[in-house]
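Here chain A shows up in two complexes: once beside chain B, once beside chain C.
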Partner chain A sequence: MSRLSSELKQVFWVIAAFGALGAVTPFFDDYTQTIITRALVFAIMAMSLDILMGYTGLRSMGHGVYFAFGAYSTAILVTKVKGVGLLTLFGAGLGLSFLVAAFLGFLAIRAVGVYFLMITLSFSMVVWGLAYRWHTVTGGDNGIAGILPPPLFGISLQNPVAFFYFTLGVFLICLGLLYLLVKSPFGKTLVGIREGEARMKMLGYNTWLHKYLAFVISGTFAGISGVLWAMLNRFIAPTDVELVTSVEALLMVALGGPATLVGPAIGAAIVMFLRYWVSTFIERWYLILGATYIITILYAREGILGKVEGLLAWRKAGREAGAAIPRVQKQPEEIRT
Partner chain B sequence: MAVFNLKNFIELSFNSLSYAALLFLLASGLSIIFGVMRIVNLAHAAFFLLGGYMALTVYRVIGTAFWTLPVAMVVGGGVVALLSMFIERYFLRRLGQDTVAQVLVTVGFAFILFDSNIIIWTGDNYMLHRPWPLDDSTVIGGISFPRYRAFMILAAVLVWAILYFAIERTRAGAIVRATVDDPQMARGIGINTNIVQMSIYGLGVFLSAMGGVVGGSFLGVSPGIDFQVLPYAFAVVIIGGLGSLTGAVVGSIVVGFMDNFGTALFPELSYFALFAPMAIILAVKPTGLFGRG
Partner chain C sequence: MAETQPRLELEAVSKQFGGLHAVEDVNLRLREGGRHGILGPNGAGKTTLFNLITGVLPTTSGRISLFGQDVTRWPTHKRTAMGMARTFQITSLFPKLTVLDNVLLAVQGLRRMKLMMFRPLASYKDVYEKAEKLLTDVNFWHLRDQQVRNLSHGEQRQLEVVLGLASDPKVLLLDEPSAGLATGESREMADFLNSLDKDLSILIIEHDLDVLFGVVSQITVLHYGKVLLEGPSDQVRNDQQVNEIYLGKG
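Moving on to the complex of A and B:
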């Protein structure tokens, strides 16, 4: 099978899966619908982090920053400005996270390895500190409530099913754009930098600029998830943007499989179901979440998609080996000689 | 904004200094662990809180006389350190230098400890006992100085002196310094760097848990304290410099004063004023003020 057709097949399966999700979700109860929508929102966040972490190899602990700017800009606009439209909200959220990422990128890209992790961690803490203490703007510990989503072309998004379809639409647009990005020469260059930055430099690539652009694109997309999150929950508080949010995004990518785009989305779904579904059955569900972190790292370093791919490759190898056996049986004379 | 006079200023400075002392107990271990192992130990504050809970149990068993405070510090610190060495041996060591794996595993343990604490000690808020004579204040020139805060300063100075002597003047310290400077060469001359790393992890956590015992009579012991103090620990370590003992002293004092004065002068932006310099310092000098590359 040629590479192109196998890729088309993958795209087909992904579209079919999300089509199925779109078809069945209205039949679930309200709570499950909300969890699915939350999973889609965090899937955008996890995919955007995957551009940085999976494809470029820059491990960031500051992805909650852009999420925070998206969410708080939406919260403030909706509650302070009357009749604000969706376009303005996304424009403001995206523009703000773009600007913040463009600024922080200058500070962070120079750092490598664990120091990149530390500086992005400090960004997380700066933004959390602002959300927590800057009462006049962020409402401090109380957060901001009453973030009602404005209508889309006259259709009210305050209905959970409508908001789910809207989120699914935004998610698919993001997935499509990020897919084009990683398949583009730019995306290939990012992978090249991850695998051997010195080599890419030797070949004449401006690796700083590529990493910087990946940082900014990744941050901007994370802003989208913040905008959606604020409207979905109609409430935003510092606990939504603390360090744990950034760490959870890391877990989603690691759990689903870095550099697979769809993997982190699956990781996001698993973490969200743990957080909101399992927690309704088990009171001490932090034990389960903690164990998920540890088991993921110890037994599924390549992520769930990595595991599945490994399994498929193993099966394929088995099938090829199996195909070889009858050929041997058909030519018994050759074996005897 | 508060009107400042000399009395206010002295009180605030004393409070800042004692808070800095507690931060040093919390963060010096984090810095040492990072220096030797390059691990971003996000479970550090969870061990701090666990130390506080251990002290709670110790006080319930042997009572709250004056001599039980040092006993709780040693027992609490020791038990938590043993637990952490087990975690290092069977989990962290397997991860090698994969920073994201370390972050996720230590966060995983922080979550597990968070819920285990609630199962064992319930989710109630406790304020640990301050034994006589630390339960009162001394009044000098009309300004009252809580003795427990003075005790925290004393404890931090003692810990710093012992650490400094151990690292700079003993054979064990020389082995640790050799492992920091060049792990490969250290292994080459017959140092078992695995044991050094496990011991350092245990030592760093011991300091943190001991800080938790001391802090339990000051911040209290309740779920969530761990995630509250974690940003402070990182602020100290990053401002001072990753892996430097002198840096941890300077970082604690800077953060202790900035937090107390910032909260008094401009409460809304105090966290920003605390964490923003941290990001700037890292951007300019990734290893922090006193850190080595």
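Moving on to the complex of A and C:
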């Protein structure tokens, strides 16, 4: 019972935090608003990668692929088809990333560890190559400009604040769905595969299928971030979908805390803040990003949120241990952490 | 009531790693309620044999049947679905998950709901009740929120067996259940194994002869991958050749 209530408490705090974000953002200047919206877009990408990397234990360097398909499908549809609606854009972006992930999954899931990393890295390179070379469709290195977001139920999304709220809404829907996923029986099997795949097979799980489904779901959600990104920047070019995008997504998950969902969203906020705000003061902002990453790996391998959770659990255990002294009936096993 | 066909049958099963015959021409039958031991010095091919039976490794030749069905080419999870379970010599639980989560994963392994994505696991009452029963039976319920890596070695060995039992198997393969246990703990393990359902068929690898002779009625002795001897445990216990191998005079 206590476990359930502590989970409800977590959900409450997350909702409160995003409610606060929604309340204060309109009062910031335009540039800060844009950074926050960008962070939310990348947060969706980082959370989707977390399903694969944090929960299932498969580190992918190919998440830029679905981002690219989402972004380019949106760019092409908006610029080529008159009066295209949001539903079509999301349908196309999601459908494409779903199909691409379903295909790439067959190639990638047989590999593990560094081999999985290399295969997914090569996917990234191929897709970047496509974006760069296939001039007739992608505009090559000129990119595609003028991607104006269509209205939502008659409300224009071309106003930055409106687009921020729209992005926040999409983000919260994704967070809710992914939270449901990790709390489901299927979500638990992913963690089981991460912790001991051989045992999972012996317990009767077709682990290939579970990993494949995680791969496809993760890729499909990453496509959403691509759709939003294209409409937010109104411009898309190969530099948006190069390998760095995939690597940054990986960094966001590692920074924020793998297998926490909200952690990678925080990681996304940190990376975007460094990329767009700190970089206005320091040209070599990658140095700061690198330093942040090294400090995280050295002092908080479980990521920022993982570290905070660990500290809270440690304090709680300490409090309970302290409280157990006068109340003798407490079983000693329950205070071991 | 009694089934006529063996639940598990090996016919001339062999496994070669390059030039090494790890398992050679092994025949074995395990009937309903059968308790069969496998004995042999290190490197005799006992664990390899388990890996062949469970489908972790493909056989080089021979035939493996479960409940009369040829499963020689089946993947592990499909064999488990037939009603087979296994524990490991080197404890292979989910160390960073809690005791309860370990058992929940084991319980849902053969249920369709394992692929359900949009309903919380916590809402499956039957799965939780089954897990609670399994843990209460071994007196582990108060440990449910502990991470498995914080349990003692003896507790972990016992949890290994609990995970094996979670799918209500008809055939249970135990790979050295008492490995690394102290004498008293080994005796507890033997008592625990004897307390299991009498219909359950058990194939057990065990070096602790007290545990082995206390649990099984039939023993196969492996030596360099070949069957040296098969027979009732008394006969094996008094066999000259077996004693020589175990005492190092062979």
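Please note the rule applied: the second predicted complex is superposed on the first by the 319 of 337 C-alpha atoms of A that agree within 3 Å, B and C clash if a C-alpha of one lies under 4 Å from a C-alpha of the other, contacts with A are read in each partner's own complex, and residues count from 1 in each chain.
Going forward, a residue touches a chain if its C-beta (ideal position, glycine included) is under 8 Å from a C-beta of that chain, and two chains touch if they have at least 3 such contacts.
Just so it is clear, the model here is predicted, and its values are computed rather than measured.
Contacts of A:Thr207 after superposition: chain C is touched, whereas chain B is not reached.
Within the superposed three-chain model, A:Pro185 lies in touch with chain C and out of touch with chain B [touch as defined at top].
Contacts of A:Gly113 after superposition on the shared chain: chain B is touched, whereas chain C is not. Touched residues of chain A were counted for both chain B and chain C, and B has more of them. Applying the stated contact rule after C-alpha superposition, one finds that A:Tyr132 touches chain B and leaves chain C untouched. In the complex of the two chains, the chain B residues touching chain A come out as 38, 40, 42, 91, 94-95, 99-101, 103-105, 107-116, 118-119, 227, 230-231, 234-235, 238, 242, 267-272, 274-276, 278-280, 282-283, 286-287.
The residues of chain C lying in touch with chain A in their complex are 54, 56, 75-77, 80-81, 85-86, 88, 92-97, 101, 104-106, 108-110, 113-122, 124, 127, 142-143, 145-146, 150, 163, 166-167. Looking at the complex, you find that chain A touches chain C at residues 3-4, 180-181, 183-189, 191-192, 195-196, 198-207, 209-210, 213, 217, 331, 333-334, 336-337.
Put simply, chain A touches chain B in their complex at residues 53, 59, 61, 106-108, 110-111, 113-115, 117-119, 121-123, 125-126, 128-130, 132-136, 242-244, 247, 250-251, 254, 284-287, 289-294, 296-298, 301.
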